[in-house]
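Please find the structures below.
The following pair of complexes shares a single chain, subunit A, combined with subunit B in the former and subunit C in the latter.
Take a look at the complex of A and B:
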């Protein structure tokens, strides 16, 4: 197989561009905002595996996020080196996802969504009431990064390093999403999304593939949660296990376009960018803009921004003479059938 | 005993959701937000015009009915036939809008509604009951029975059950599905609003007070069995009693966690609900 050099470059160049941002931006507040945007792009991409490709609307992903953050704090407090405890925490989240998955994937539609919320809420209430997790007071999280100099003269601040870690995580998530969109297991997931009964009838192990997607998604989400926890130095149940984070992950992806590669990235930039602007104007009520955005997207852009653009693009193509359009045989066949 | 009293309010909330979710198949994640709206409506009446919450629940209910109908016509109807996925997102969006609009208007402060009745204990032999919760129990009871009778006896209720049984055939029988669905959505919202108004004297009021109730309402509906309005009433009582027993033995802070564990157990062991019949 020929190496897809062009595709690799179109992926690599934006990543390098993102990675070079700290060279030019030294404002800590701006870096903080960029960190959150990229982190949530990564989280959206992780959620996309389950919510987008497999079409399972999970509103409980904060459970994995929280296990990541709390795991980091608790393992480190027991003397495990930070970088090992990050991965231990992610492994714990994956194990937890396996347990959750066995139960929730037997349910469909609203019951699935509700039970994911219920699991996450049980965790939140547990964390708020147990002494091991610091109760409502929470835990302090270890610092993953310290300011360091490189080339003797340049200082890389903590926020800048967190940002770079988020870029790395987002790039990994993106590659996994790409692999999903182009591979057999990914096609199976999409088949499950379109029609679970039919998918099962043609011999796809629907439960197995959904579970696999969830495990990977949980691992990535937990890494994101650990980064978040460490960046804010302190976690409480209402921050690291708040249902708001689950909703945010879902909305970012849906707004950009669920089941698309660029959707979560675009969604994160738009939503967090907008909320940052509104936060400065309206303080507490920036969630209002989330609500309005959701309603508008559901009413007018059910396939998200990427999906909507794709439709526009296709319509534009159709008006041209058909000879100029390179149609795949499958599309041509489908059209002939109508 | 306290459990039964709270349970009646849960039953009211749950029956509202059973109408919307169980019968009409609209997944309403904004149920708690509407409940919160009912609380604020009744609080405004109390705060500005000194109307007792046990009277204010009537105008609050009417307001919520109208508001629910409006929300259905403008936001729910266009997505009625879309996937659960879209309905969940839409109602989550509505919930965020409601909670934050209220926060913008009234601020995030906690409010308390002090009325004499709450501090009036009634003695029945060994039991001491709170006069206020007894009154809300009575009101909730009347409404529960009223709604149940409405669904079973009236023509509109019959149409409603027909749509629940077969949404494809009902319109062929000359039932105006849009009208009935809008009506039952509004009724369900009204129930949530009234429950909110009745809860007002017992709770602190703040914009996100309804959040837990959305989930509790779903727990009640699932406990009682999908699509069963009577089931939801019983489910509400069961939840109320479970919560008060949990509070007694494990402490108040675990009550909600036990709710969810109960919910997950029922869903994974007997998805048709404790009292539900097995559906084909």
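Take a look at the complex of A and C:
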């Protein structure tokens, strides 16, 4: 098989460019903003598997995010090394996803969405009331990174290292999205999104494929949650299990283009970047502008930015099918020749 | 020859309505059987029962001797039962080619292979020129063909065509009928369902089963069946049965 070198480079070059940002940017505030943007790009990509390709509008992904963050704190508190804790927490989130997936995927449309919210809220309320999770006071999370020097001279601050970890996670999420979009499982998920009965009629086990997408998505989301928890050093139910995070994952992806590869990345850059700029310029009223931006995009680009652009690009080429249907060009030509 | 599909005394109830009453039928390999009957006669219910979207309350359905009456739709599809939907169900955001590839994925995981196979099926259905269009926005005649193409791509042994010509003009319907007649070349047996496009039924079916209010009222060669008084009555009412004589 021929190696798709060009595709590999178009992926690798932006990743390396992102990874080199800390060499030039030493401002911790800016690095913090970049960390959040890249982290949410990764979360958007993780959500995209379920909400985009499979078309299952989950608003409960913060459950996996929260299990990742809380899991990291709780495993390390019991003496497990941090880097093992992270993956244990992600595994726990995956197990949790298997349980709730079996239940929520019995429902469709708005009922599915509501049930995902309900599960996430149960976790939030549980975390706020149990002593093991620190109740409303929360837990402190272990530091994944400390400032360190490399090459004797350069200092990598904690934030810069968190940023690099987020870049790594986002790259992994991107590769998984790419592999999905170019393979049979990806097509199966899209078929499920477009019409579940048709999908079943061509032999697709719709429940099985939706569940698999959710398990992978939950694992990645939990890794993101653990990074987030560790970066902010402290988690409470209203931060690590807030519905706002679920909504943000969904909005970022839908704004950029659900079910597209670049959508979540573009959505994260635009939405979080804009919100940061507005926050500095307009203080409290930034939420208003943020809201208006979302409304405008939803109204004018229902398929998101990438989906909208793709539509524009397709127009004029392949959007209007010819009115004669059953004739192959050859038949039409033969008739014309007579 | 042994029947590939056997329905034995199949009944289905929706609340107080008995949609299918005690229906039995057999299908031989390579046969084209059409189920006809007026609107509401239970044709679609029979298709949903065979393809696993519904399960019978009574009776059994066997496919190559294996009882399939409790299996899920995707499992039945994997055994070799392809189906189309009366109200066409394309995957609108995907292209025509991709729609058909989804059928081909049943026996190949490779994209290029699925593409090739989908292309040859689109060729058979004379819609190669549409392959790169999104399924959304295609005219009905193309969507009806797309339903068949997608089902055929799963390499079924039996294909269920529910109202496959309804809503088409006569010339479109007859053109499609020619293609359906050729389906046995692909190793497929056909059970079709048609409400009133008799021209198509007469032309391509080996055998006809007539349903009325969920019960089988006649069966046989198409030309014989349409002359039976019960059939005329089912379609036109008792009053016209006299006139038809």
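As a convention for this text, the second predicted complex is superposed on the first by the 306 of 338 C-alpha atoms of A that agree within 3 Å, B and C clash if a C-alpha of one lies under 4 Å from a C-alpha of the other, contacts with A are read in each partner's own complex, and residues count from 1 in each chain.
In this text, a contact is a pair of C-beta atoms (placed from the backbone, for glycine too) under 8 Å apart; a residue touches a chain by one contact, two chains touch by 3 or more.
Everything numeric in this text was worked out from a predicted model, so none of it was measured.
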item: Subunit B versus subunit C as contact partner of A:233, first or second or both or neither; value: neither
item: Residue contacts with subunit A in the superposition, subunit B compared against subunit C; value: B
item: First, second, both or neither for A:202, with subunit B first and subunit C second; value: second
item: Which of subunit B and subunit C A:294 touches, first, second, both or neither; value: first
item: Which of subunit B and subunit C A:188 touches, first, second, both or neither; value: second
item: Partner chain(s) touched by A:10 [first = subunit B, second = subunit C, both, neither]; value: neither
item: Subunit A positions touched by subunit B in one structure and by subunit C in the second; value: none
item: Of all residues in subunit B, those that touch subunit A in their complex; value: 21, 27, 75, 78-79, 82, 84-86, 88-90, 92-101, 103-104, 108, 211, 215, 218, 222, 251, 253-254, 256-257, 260-261, 263-264, 267-268, 271
item: Touch list for subunit A against partner subunit C, complex; value: 182-184, 187-188, 190-191, 193-195, 197-206, 318-323, 325-329, 331
item: Subunit A to subunit B touching residues, read off their complex; value: 55, 57, 59, 103, 106-107, 109-111, 113-115, 117-119, 121-122, 125-126, 128-129, 243, 247, 250-251, 254, 282, 284-285, 287-288, 290-295, 297-299, 302
item: Footprint of subunit A on subunit C - complex, ascending; value: 51, 53, 72-75, 77-78, 82-83, 85, 89-94, 98, 101-103, 105-106, 109, 111, 114, 123, 126-130, 132-134, 137-139, 141-142, 145, 150-151, 153-154, 172, 175-176
